[in-house]
Structures are given as C-alpha cells and as structure tokens.
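Labels A, B and C are assigned to the chains in the order they are written; within every chain, residues are numbered from 1.
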Amino acid sequence: MNISGKRIGIFANFVLAILSLSCVLPLILLVTSSLTAEGSLIKNGYAFIPEQWSLDAYRYLLYSHAQILRAYQMTILATFVGTLSNVTITTLLAYPLSRKSLPGRNFFSFAVFFTLLFNGGMVPSYLMWTQVFNIKDTFWALILPNLLMNGFGVIVMRTYFTTNIPGEIIEAARIDGAGETRTLISIVLPLSKPILSTIALLSGLAYWNDWLNGLYYLVKRTDFYTIQNLLNRLIASADFISNNAANSAILSGITVPSIGVRMAIAVIALIPIMILYPFLQKGFVKGIVIGGVKG
Amino acid sequence: MKKTLALFLSLILLLSGISFAAAEEPVTIHVAYMLTMNPAEGRQEVQDAVNELLAQKGMNIKVEFVCIDFASWSTQINLMLTDGSIDLFNACFMPSLSVLADNGSLAPMDDLYAQYGQGILETLDEYIDCARVDGVLYGAPKLNAFSTALMYLMRKDIADELGIDPESITDLNTLTEALKIVKAAYPDMTMISNGNGGAYMDFSGVDFLGTEDPLGCLILEEGSTDLTVQNYYTSDAFKELLAYGKLWSELGFFMKDPLNAQDGSMAYVSNGLAFGSFVSYSDEETTVSVQQKSVGKEIYASQVTPQAWATTNNVSGMTWCVPALSKNQEAAVQFLNELFTDAALSNLVCNGIENVHYVLTDEGNITFAEGLDPMSTSWPSGMGTFWPNICITHPWSPDPADVYDNWLASNETCGKSPALGFTFSAEDVADEVSACAMVVDKYVSALMLNIGDTDALYASFLSELEVSGIDDIIAAKQAQLDAWAAIQ
Amino acid sequence: MGTVKKERRRQIIKHLPLYIMMIPGLVYMAINNYLPLAGLQLAFKKFKYVLGIWESPWNGLKNFTYLFKTGDAWVIMRNTLGYNLVFILLGTLLAIMVAILLSEVPRKRLQQSYQTVILIPHLISYVIVSYIVYALLGESNGMVNNSIMKALGLSPVAWYTEAKYWPFIITLIHLWKTFGYSSIIYYATIVGIDKSFYEAAVMDGAGVWKQIRYITLPMLKPVIITLTLLAVGRIFYSDFGLFYQVPMNTGLLYNATNTIDTYVYRGLLETNDIGRASAAGFIQSILGFLLVLGTNTAVRMIEKEQALF
C-alpha cells in the first residue's frame, strides 16, 4: 500500500470513529438512564453517571420475562423465514429486470416502482389478508403482509446487477450453453455477495423492527407476538399505569418508572440484534452462496 | 335383549340430544375487552363462569372475550368494525360517538333496547340520551359518576406544617394565596405540576358540545338555561385563566421545562418535586382515598370551582356499542342488559371470581385473594370501570363500601348542562375543526404557561382561529343546538 | 410488421425462463400491493363502515378540502419540501462519503465493527430519540445548556421554544439517524466493484483520490441516480416521528416542524376519518409520482441507460 493509501486509511478511521462515537454515546445514555431511579431522572435530567441507580425498570419487565423470551423466539423465527424468502423472491425478480434484452423490462420495472408510491391504505389490505387469505391469528401474519418483498429492494438489486455484473460474463455463459437458472446461480450470485447480504440486512431489519403486522393481524393469538409487539404492549401498560393510577382504586399502590421502562425496553430490543447481526450476516451470505452452488 | 334396548334407548337419547342441541345452539357473541397491564391469563376461567351463569339463567347466549391490548385498542377495534368480528364493545379511546354514528360503524339501538334493554334504560335514566346522535340512540354509556369538578390536590404533610386549611381553598384566588405561603417555605418546589405537553388544568364549568377542544361552547352557570354558543377562547373565563397563568408563572409556581414533561402530573407530586396538581374528579372523598395510595403520600383535595357539572362529553366518553356489521345484535343487547342489571354477572367481569381473584373484607369491600397483586392476578380487574355497571359490584379496598352509592347520588345532585343529551355532529365543519385543532395545539399550552410574548401570541392565536373558521363551527353548533332544543 | 411481431414473440420465448423466475415476485406484488389499491377510491368517497369500500357513496373532492383550510398551508408545504430537498442532498453526500471511507478502512474486523455501530441510530425509535434529544437540549437540565453553553460563557437557550434553531436540529437528527442505513447500499456497490479496475489504476500510478474520482464515483452513479429518484418520489412525505415526537409536539415550534403528515395526524386525530386520510396520501403520492415521471424523463434524455424505467 502506498503512502496516500495509508493516509486515507487513517483519515477514514478518524472520521468513522467520530461517527461511531455519535452512535454509541446515545446508546450508553440509554443504558444508564434505564438504570437511573425515576425520581432522580425527573429531578436532575439524564446523565451518563446517574445520581441514584435503580433496577426498577428491569424489575417491572421481569414480570414478563417468559413472554419476552417467547417473543424473541417468534421474532427470530419470523426474521429468519421472512428474510430468506424475501431475498429469494427479490433476487428472482430483480435479475430478469436487470437484463436489457428482456421484452417488457420497462413495463415491469415501472410496475415495481409504482408500488413504492401508491398504497391503498390499511383497511383494504386488512380486509384482503383476513377475508381472502385468512391469515389473522396465524404465524403467516408476521411473514406475508408488506415485508415479503419490497420494491425498493428489487430496484436496488436490479441496479447492482446492471452496474456490477458485466454483460459479457453473462453472454459468455450463454455461449457456453448455460441455461438462465445456471447462469444466475453459478455466475451471477457468487459475484453478488455484497448486495445479497445488504438486501438480507434490509429485510432482516424490517422484520426485526416490525410491529404493524402483529398489531393488525394478531388479536387472539398474542402468543405469536414479536418482541416489538410485546414491548409496545409493555410500554403502553407502563404509561397506562402511570397516567391512570390516579383514576382507579385498584391501581393504587403501583408505581411504574415509565420513562425508565421505555429506556430499558429500547435496550432490550436493541442489544440482541447488535450482538447477533455480524454473525448472522456472515452466515447468511455463506448460506446463500453455498446453497446456490449446490443447487 | 335388555342390552340392545338400552343401547337403542341411549342412541335415541343421544340423537335427540344432538337434535335438541342443534335447534337450540347458543349464539356466540364476541365482546371486546381491554387489557391494560397484564395479559389476563384467567380469561378462559372467567369466560366459563360467565357462560355458566348465562346458561343457568336460561339465556341462549355464549360469550367469548376478545382481549385487546391497550396499545392496540383503537387500531384493532377500528379494523374489526370493518369486518364485523366483534359484537359488543366499549367505544373508549375511539373517535366520538357522533363520528362513529356518522361513519356508519354503529348499529341503531332504539328498537333493540325497547325489546331487550329495559334494564339499561331504567339504570341510565335521563343520561341515556347522551348516546343519541340526531335523535337516534347508538349505545349505553357505562354507569359512572358523570359529573366532574376541578380539584386541587396537595400534600397533606406540608399543608399541615404551614397551617393551610384545605377547606379554606374554594377558588383559584384562595388557592393562589395558599400557594404563595408554600412557595415561600419551599422555594424549589413546583406548586402546579403539569403532564405531557404542558397542560395543567382541564377547563371546567364549560360544555364543549362534543368537540375535543372548546371551539364553541356553553359556559355553565348555576341555574342558567342559556343556550348561546360562545367562543371560549375570547370569553372572560378563559382570559381570567390566562391572567392566573401569568401570575402563577411570575410567582414561579410552574415546573422547569413544563412543555417537556414526560409523566402524568401526579407523578411529580409523588416523587416530591411538586406540592400539588389539578385533577378533574367528581367525588372529593374518593379522590382523596385513591390518590393517597397512588401518590404514596397523604393528600388533601380542594374543589376550586363552585359546581360539579355533567355534560354530554363527560357521559358519552365510554359508551357500550354494537357494531353495525355485527350479525348477533339482538344477543349482544340481551347480554348488555344483563351486564347492567345482574350483580353476579357484573361482579364476575369487573372483579373476577370470588375467592379466586378477590376476597370479601370485613369493611364491606373486597381485596385481592391471598398472594395476588394487580400484576400477578389472572383477571386484571383494574379496569372494572371499563364495564357497563360497576355500581352493582363490590368496591375495591381502599374505596369505602358505599363509594358507588356516592357516585349515584352525585349524579342526582350535580349541575347538569342545559345541553345535556345534545351531541354535535361535526361532519359539515370537519375541515374547520381540523384546522382549529391544530391552532389550539400550537398556542394554548404556551399561553397558559405564560411562555414567550403572550400578548402577541394571544392575538395571533385568535386571528388564526378565525382564519381557520372557528365562527363557522360556532354557527353550526348553534344551529344544531337550537334544532335540538326545539324538540325537547 | 409481421416480422417485427414474430421477432418479438421469438424474444419472449427465448426469455421464458426469466419470466418464470419473476412469477413469485409479480404474484406477491399483485396481491400485496395492487389488489388493495382498490382502496384509493376511498379518497373520493364518504366511507361508511356498514357499506364497505365498494358501496360507500362518492363525495367528490370533499375529502381534500381540509388540507387547504388551514392558514398554515404555505408553511406546511415549505417545510415538507424544504426539509426533503436538504435531506436528499446532504443525506446522499454523507452516505457516499461514509461508504467510501468504510471501504478504505484497512482492517476487516474494524470495518465490520463500524458497520454494526453506525446502524444503531436506525434501530432506536423516534420516541427514544426524542428523550435523548431532550437530554441534550432540555432548558434546565440539558447537557448542552449545562456543559457546553456554560463552558463557552454563553447564557442558556430555551431550545424548545425557539423555532429558529429547529431546521438545523431536525436536519442533524435526520442525518444522524439515517446515514448508517443509507450508506450500506453504496457500500455494497463499492465492495462489488471488480478489483482489477483498481489494480490497473494502481499500475498506472493513480493515487487513492484519483481511484475514487475515476472508478468509484462513476460506478456509484447509477445507484445515486436510482436512490435519488426514489427519494424524489416520496418528497411530499415526511417522517412523522422526526417532526412530531422529536420536537415533543411543541406548539411554539410548529413553524419549523409542521409538515403534511403532522398536519394530517393532528387534523384527523379526533375523527380517524379514513376517506380524508386516503385523500392526503393520494395527493402526496400523485405529486411525488408526477415529479418522478418528470425527473425520469430528464434522466432518460441525458443518459438512457440510467433511467429508472
């Protein structure tokens, strides 16, 4: 590596370290304030080193530890199944759209783009998924609506294929007599690891963060709740108690640290994915490429 | 031979049993129930008990509770109104009754109540009319202490120490004088705490006439039957509040960063930062007994407005309704009638099963069964006030045994708005209501807390309300109110 | 004429395997995205629950009028478009910069750590962000007033009552929250660039800056154009959390924080009117759509290959 290369390496590290710090500091603040006594939080504001430590927020969440564990399982399962399907379907649509010779390419691209702008709203989707496809209170409610494929992913992947996969390679494969499926699996995919893992990441984050599907389609089977649904429920309960304790005899005697609980909940939702993410991403790309080669 | 006969007979019995059951197959109705702080794992148990009770009474109805989290309530109810998957629900945390009636989500009730709902009509008496929109009845408000008055709650220990007599505080002026004394002794303490968004006081003695904000209202005075709709924000009552706001802010009564408050206003009393807070409540005695436990400190309550008032807004906020798309409307109304009249049934849904979820105490109220608390009980009765008629159930400790009698008595004695029973339908001026709601959000908290250049803010507040069409709203309300009064 | 048709059919048959590949995606799109579009008619209807989507009566443009009733219509429009333009410009620049810098980090392990860490903001909900911002900007307890302003000898600022600071605050928060997520896509493209290009450039004696200038950026161009076009399509939308929750819905800041989405939310909070909500979405979509059509045509005229469709 030459000198300018070294210099930019240092510069890159410097800038990224500062940016990373701007991301980590709030996280630390989140953790410490989830461990701060509610009274001192209100009195002195947020601080990196709290005046008075407290585990109350986590104690409140401990009531629900069995549900939290179960919700993690559901989230991980939904994220895994959903992401795998998403990447497969997205690739299968994006690749043909990247082929300039495909008749109707523009029409289909437009159709994909159109879905990014227009949507019919919550009620028609709800009626369709529940009346026609009967997904209410099933596991499929977490997988199917909205997240299984996203036009954004398709367009981004199509752009990658057109930019980063030289047309000559595909042409050469054709001349060698490889079919379209063979070409995709053994020529294109191995060259597309970066975008595959990116789409997997986008989709994985979408599944991990999603709470709307649970909100709309899970009524009786709340045991299918993902971690986001459950955490929303816990936040709402904590708020409800802190705002309504005054109005109901039976709630009296309970105090819930509602701000602390929010912070603790954010921490609980965040930490596992931060830990899992690097491993998952690595494993995922390997899995796809190996699976592709074997198939 | 005997065996064959026995077999034959039992076969016949079985068959007839089946055909009997088929003919009399009970109707299953889905009743929405709100979960607030625990997942109600005993729902099956309570549901079975309810169904057993209904069977005993010879009713051909089965109930299934559809338990919905507070967090999802309005979304899921709204969605289920589009496909008729619930038959009976409490329209709380939902748009107002007039909106629900206007958008066709509720079934009209007049005929059904006449046939199956005598108990409902008798229980609610004149208050049932608060669930009428354009003369059509759409539901039954849950029985409650319907009136509210503005109270100031304060810490007893400090009040006693400084010799402040809560009985001597009867209006905002006497309150201000008392708070000055406290502020002098405790300069770091907040005198008037506020909740989310900076609001510290409900407007009291005002009939909002069916909108969330008093955009066109009746200002209530004892004995008055005046039905002139006014602009509250230009009224003397509001100007007086603004003057108090200014005074209080100059005296340092408000908390630091009031616009950023992230907790309920009583939380600040509870954690010792504030001396007191305003709340709206109907019954002084209950307020005190309840608040003391939740705040964890002994408190006094002083009513600072002369009269507790019942308005349509107060009454219809939690109304039990049947969706227009429900296929079991008759059964739903029959069940609702039982909820209003049958004490055993009402106790079941409000409090759970005796000796499982609660036990009777010597004081005539109930408390948790051994080893249970609000979080660990499997039938969270914290929402007893959610159900149609809590007044025929056992009160929870620390509420006194006669607490509900007091509620019902207050419904008799409270002031009643001359427009009680009138519901405004905002559809024709919905655009104006939207625009004005934003203007109110923009200015009112800052004005009341005396933040910024309040004279200039007040002037632009009024002019923006005008641009947004407040006069059209007032005119529409007046027209509907006059039409309503003409047929009373 | 006949030969053209025949040729086309031949092309279609030749590409049959590709069409078959597309089936799952197209079917899903038809179900998930196109069937519910029937709901768009609600923008022009008075929705009655008891009648359903198809039977509800038409009511012309009545659902749209509330959008223009407010005296703040101009401010709302200015905010929505202004913020979005700034976001697109600065957001893209920042994301590209971060992506390039990431690719220049020599140690793989370190690269991965950065990648993970800069995703944190994306994973924190705006409600929580609003608390963090308050921790910084609170008037009496905020860290900025208590530490920074004091150290600089400046008097404390009432951040939550002064609208003039908020265009900067909001832009900063938006950039902070999105830069990690947006840079991933650019980063993927850079990583996917054929290494032989760079090797050849090094042989020719090109330094890092030249490599970026002549290889990386040109390779990124299609991605930049695509992502910008997509962003332009959503230029009439705004992130509700950023404009409502982060300023804590403070009235005095509305001049700097009111956008179409927050106005619609506040306006429909009481009524939850499905028709009016659809109407707002319809207008936001159709305007964005027209804008993209225009931009796309312009791109197509300059460089046909880069157009979105």
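We take it that a contact is a pair of C-beta atoms (placed from the backbone, for glycine too) under 8 Å apart; a residue touches a chain by one contact, two chains touch by 3 or more.
Quick caveat, the model's predicted, so the values are computed rather than measured.
Among the other chains, B has the CA centre that is most remote from the centre of chain C. The interface holding more C-beta pairs in contact, when A-B is weighed against A-C, is A-C.
Chain centres here are Cα means. That of chain A falls 38 Å from that of chain B. Put simply, the C-alpha centre of chain A and that of chain C have 16 angstrom between them. Among the residues of chain A, those touching two or more other chains are numbered 123, 127, 259.
Annotation for chain B: residues touching 2 or more other chains are 82, 262. The set of chain C residues touching two or more other chains comprises 47, 131, 134, 138, 140-141, 274.
Listed in rising order, the residues of chain B touching chain C in the complex are 74, 78, 81-82, 94-96, 99, 103-105, 197, 211-212, 256-257, 259-260, 262, 323-325, 426, 430-435, 437-438, 441-446, 451-452, 464, 467-469.
Per the touch definition, chain A reaches chain B in the complex via residues 38-39, 42-43, 63, 67, 122-123, 126-127, 130-131, 215-216, 219-220, 222, 232-233, 235-237, 240-255, 258-259. Those residues of chain C lying in contact with chain A across their complex are 8, 11-12, 15, 17-19, 21-22, 24-26, 28-29, 31-40, 42, 47, 53, 97-98, 101-102, 104-106, 110, 112-114, 116-125, 127-129, 131-132, 134-135, 138, 140-143, 176, 179-181, 184-185, 187-189, 191-194, 202, 207-209, 219, 222-223, 226-227, 230, 233-234, 274, 277-278, 281, 285, 288-289, 292, 305, 308-309. Contact residues on chain C toward chain B in their complex (touch as defined above): 47-52, 65-66, 69-72, 131, 134, 138-141, 160-161, 248-252, 254, 258, 263, 266-274, 276.
By the touch rule above, chain A contacts chain C in their complex via residues 1-2, 4-5, 7-9, 11-13, 15-16, 19-20, 22-24, 26-27, 29-30, 33, 44-46, 88-90, 92-93, 95-97, 99, 101-103, 106-113, 115-121, 123-125, 127-128, 144-146, 148-149, 151-152, 154-156, 159-160, 162-164, 166, 179-181, 184, 191-195, 197-198, 201-202, 205, 209, 259, 262-263, 266, 269-270, 273-274, 277-278.
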